[in-house]
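Chain nomenclature is as follows: A, B, C and D, assigned in order of appearance, with residue numbering initiated at 1 for each chain independently.
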């Protein structure tokens, strides 16, 4: 049984044309399909059909899609999710453009997660035969792929248990109140080799804090920041380094106010990775390692 | 069943004192144990007991150790290796300092691979509680961890089949003679999230081409190159970029003539990663993307 | 006639031991002399006797020292400064440790600037014979040299005229109120090849906004930020990019509250460099290009 | 009297269309004028009319142009050059497109150097009002400006004396045979703030070893190397670091075989910069710091 990765993020945007300019021109994603009120994108280094879905009307997260390595994983997760007490339904091939049969699970935090194995293969922009390391003509930030999402949940320990028991995710880092009070107030979990495929912090159920695009280097983070200034993208925080995950980052907003992140760096994870613990008194350092300060906007703006 | 990673590389060195200076002072590994004719090292970001073993006397590879995520994986691999026709024996706890029971397999190419699940936990140099992203005092190159090894084998297709069938590795990239003649002359295989955990190219059985340390960035590759000049380390090729794996690299030699690599970058792999194919006419570009030239030394010096 | 560079910055610190830890251990400057209540430092790539002087008692700027290329420049500047109406006195060899005869000028903004030609030569840490590109053992941030200072002045246009007429500095960039109101509210001036050797913005006379150390790369800026977190150095803003000068930066405070900067990048300047103009409505973007926001602290904390 | 910088490099190319593709599409220079058999280019960060002139027919250097800061510098240099014994003639406005009156000097090494003060001002691609740090759409390597040239001369000490006495250049680094035999076999000289505006090594008179474009960072050097692979540009050496100048580099060839360099980094120079000396036994390390090896091609191919 194995979840491989966050496959897609489906979000609402207030104005589709503005959003297309942001995700297409500024972020450099490739538009792969357009259903009128929904537009589908992928990064240049992604081979599946899409990784970002924009749906016109409102803001915030519609759902996250996680791809499993085998069809039989769907049955396995269905059983475990049901046993856990989550709401699970089967989704049909075609419910999502190009995506096969799968599961639609409502988390204890009211977020919707879809699990699927089949999705149309499109291939990367560099191809599979004697490929260049990157496409000669990239647009804007030139994001190669999505990386993870961070959601807010009322009961982090409960949602952590869901991802551990049902999805076989593991904890890379966890924030607890203190050594005396080990209540979990944030958790970063992985299914594969990166520091996180999902993360959640204590907050209102059903909300999105941000979803992230992976970049290749700290230099690319600066380049992204420059593009954000050129294209008038509101920046929340960064460039800076995270203590948690050790990665480098800029947080910013799409034109509808959904927070995005560009992220690079971070360690490798393995099934035996020894989880890291942060205490709440060091939370600001854990989030923004260099400044050791959290701004009000970062902790309060959710969609 | 799952192999997690290359856990250790055990090599012979002609002079242990010279080798200690190289792996300790220049590469910045931490000496964790010394058995007289053997010295054990780990990188600052590795939590297991050791990742490099130096044994005095001669040059070349003694064996590679791969760590599995569960004890039961050992039985599974034993069955598959036997079925494959490889020579398999059980190794006992203590055959390798700090390492538990496991398997010792002789590949069809005469290389020895050990499989183990238990090894003493030492922890990283930054710890697990509110850790800094790197240790305040690093030595020399400051290599955080080992990454992969590349060996030469007479029959690449056969060894590729071994790693696929017995170890459940997957092919990230493969070099074939041409579209008309799909004979495999090199193969890069992964078990987890990086581009390769083992690689082999056509050549004499039983030989080591190089083993590699992971670095964090292209800037760290330059820093390593500077350290090599300061410490009179013979450099083979680099800094440059690979076409294959897309990573950035310097190849160099330890004082005994074993080739090492510092490596960074490269894409993520997943179980559904679509293998990349290189044709031999583009091999030089695949190996050294920028110069598109292979030097004689790179292709002929093995230990 | 030619001023070559900012040669030294002399500041007050409340606690000399704390300051020594900051400038020595964290910034990695080399202590070259200690007069009890004054300590002298230089960066590893500076060949003159010192570039930073710390004097115990209070905070803020004591004086800036600019080095001229010939002794005769002193006479020339004395004449021009007197003609300008500035307060000029001769300073004697030994008034400053290791520094020869020179001028002490009080700017119209009450800041004290010293002009000198002679200072003891100590040499860089890498030497002049077959040198390495950097010293094998650097401490903390490892700052190679100081770069510039930014002071606040009530009348920027007046001080700009002083530096142009008396010191032969040129304007690289200038902030004006608007196209309709060309009042100067900030000016960046250079004497040699970098974007600025002095800068001033409208504010109270006699105050220091910051002085800066040059670093070699954007990667070194991240490294510096990490060191600041490890050593509990208060960070004001950054890492980020400046619009003005195009450089990359972190602002932070020494233990006494004097603001420092690490700075890298920026264009070359020449005598025919065409000055750049910023309008006040774009000031935030000019200062912090990526966030396009000025925090209260950055604009109000002076020493 | 002051030479400000290398203003233009005028070279011959065998095929103008191929050369235009190289300097325009690959290097990303802007074509500013076309006279049929000559094409004029500038980098995006250069404000003068042009910095590279390509002339069809043959290979190699036609001439180098150095820009002085005042008209009166022309008279001064003419007197000094004549006194030195060099061949000097006046060149007329219009002899070079957009360039004013000036001097044409034949060096003792038969290279032609032009000195001028006037050249048409075009401005950079980012402009002078609230500029972005770089143009949103760069082509290929996106070279911002030219940096220096290295020529071969039979008598380095003589040519060094010419540049010192006539042009007021200073020596940043010099290669001598040995401490016992201080014969100069290479010299790097500067007029402004970078490590070199001209360099020469012992070899045949009248030949060009390479001319260089400045880049902004080591990351941009890798990016350039990738572009060279994508565009089939022959690479000579690199990426690597120089010992001499401390810069980072790739050497490569234009389609006619003229060697180019992309160069970044290096220290600041000032009139009091203490010259660095390399001994010939360390020359390979001085040129290619990391490999400490010179290839045959690098030392023998000249145009």
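Quick note on the criterion: contacts are C-beta pairs under 8 Å (C-beta built on N, C-alpha and C of every residue); 3 or more make two chains touch, one makes a residue touch a chain.
On a predicted model such as this, the values are computed, not experimentally measured, just so you know.
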{"item": "Fitting chain A to chain D on CA atoms, where both chains share a sequence, rotation angle to nearest 5 degrees", "value": "180"}
{"item": "Most remote chain, CA-based centroid, reference being chain B", "value": "C"}
{"item": "Euclidean distance of C-alpha centroids - chain A vs chain D, Å", "value": "48"}
{"item": "Distance from the mean Cα position of chain D to that of chain B, given in whole angstrom", "value": "43"}
{"item": "Geometric centre distance via CA averages, chain B-chain A, whole Å", "value": "31"}
{"item": "Shared interface positions of chain B, touching two or more other chains", "value": "132-133, 217-219, 226, 229, 241, 243, 285, 289"}
{"item": "Residues on chain C engaged by chain A in the complex (per definition of touch)", "value": "218-219, 222, 225-226, 228-229, 235, 238-241, 243, 248, 250, 285, 289-292"}
{"item": "Residues of chain C defined as touching chain D within the complex", "value": "2, 4-5, 45, 47, 67, 69, 121, 123, 128-133, 145, 192-194, 214, 216-219, 241, 243, 246, 265, 267-272, 274-279, 282, 285-286, 289"}
{"item": "For the chain A and chain D complex, residues of the former touching the latter", "value": "132-134, 136, 217, 219, 226-227, 229-230"}
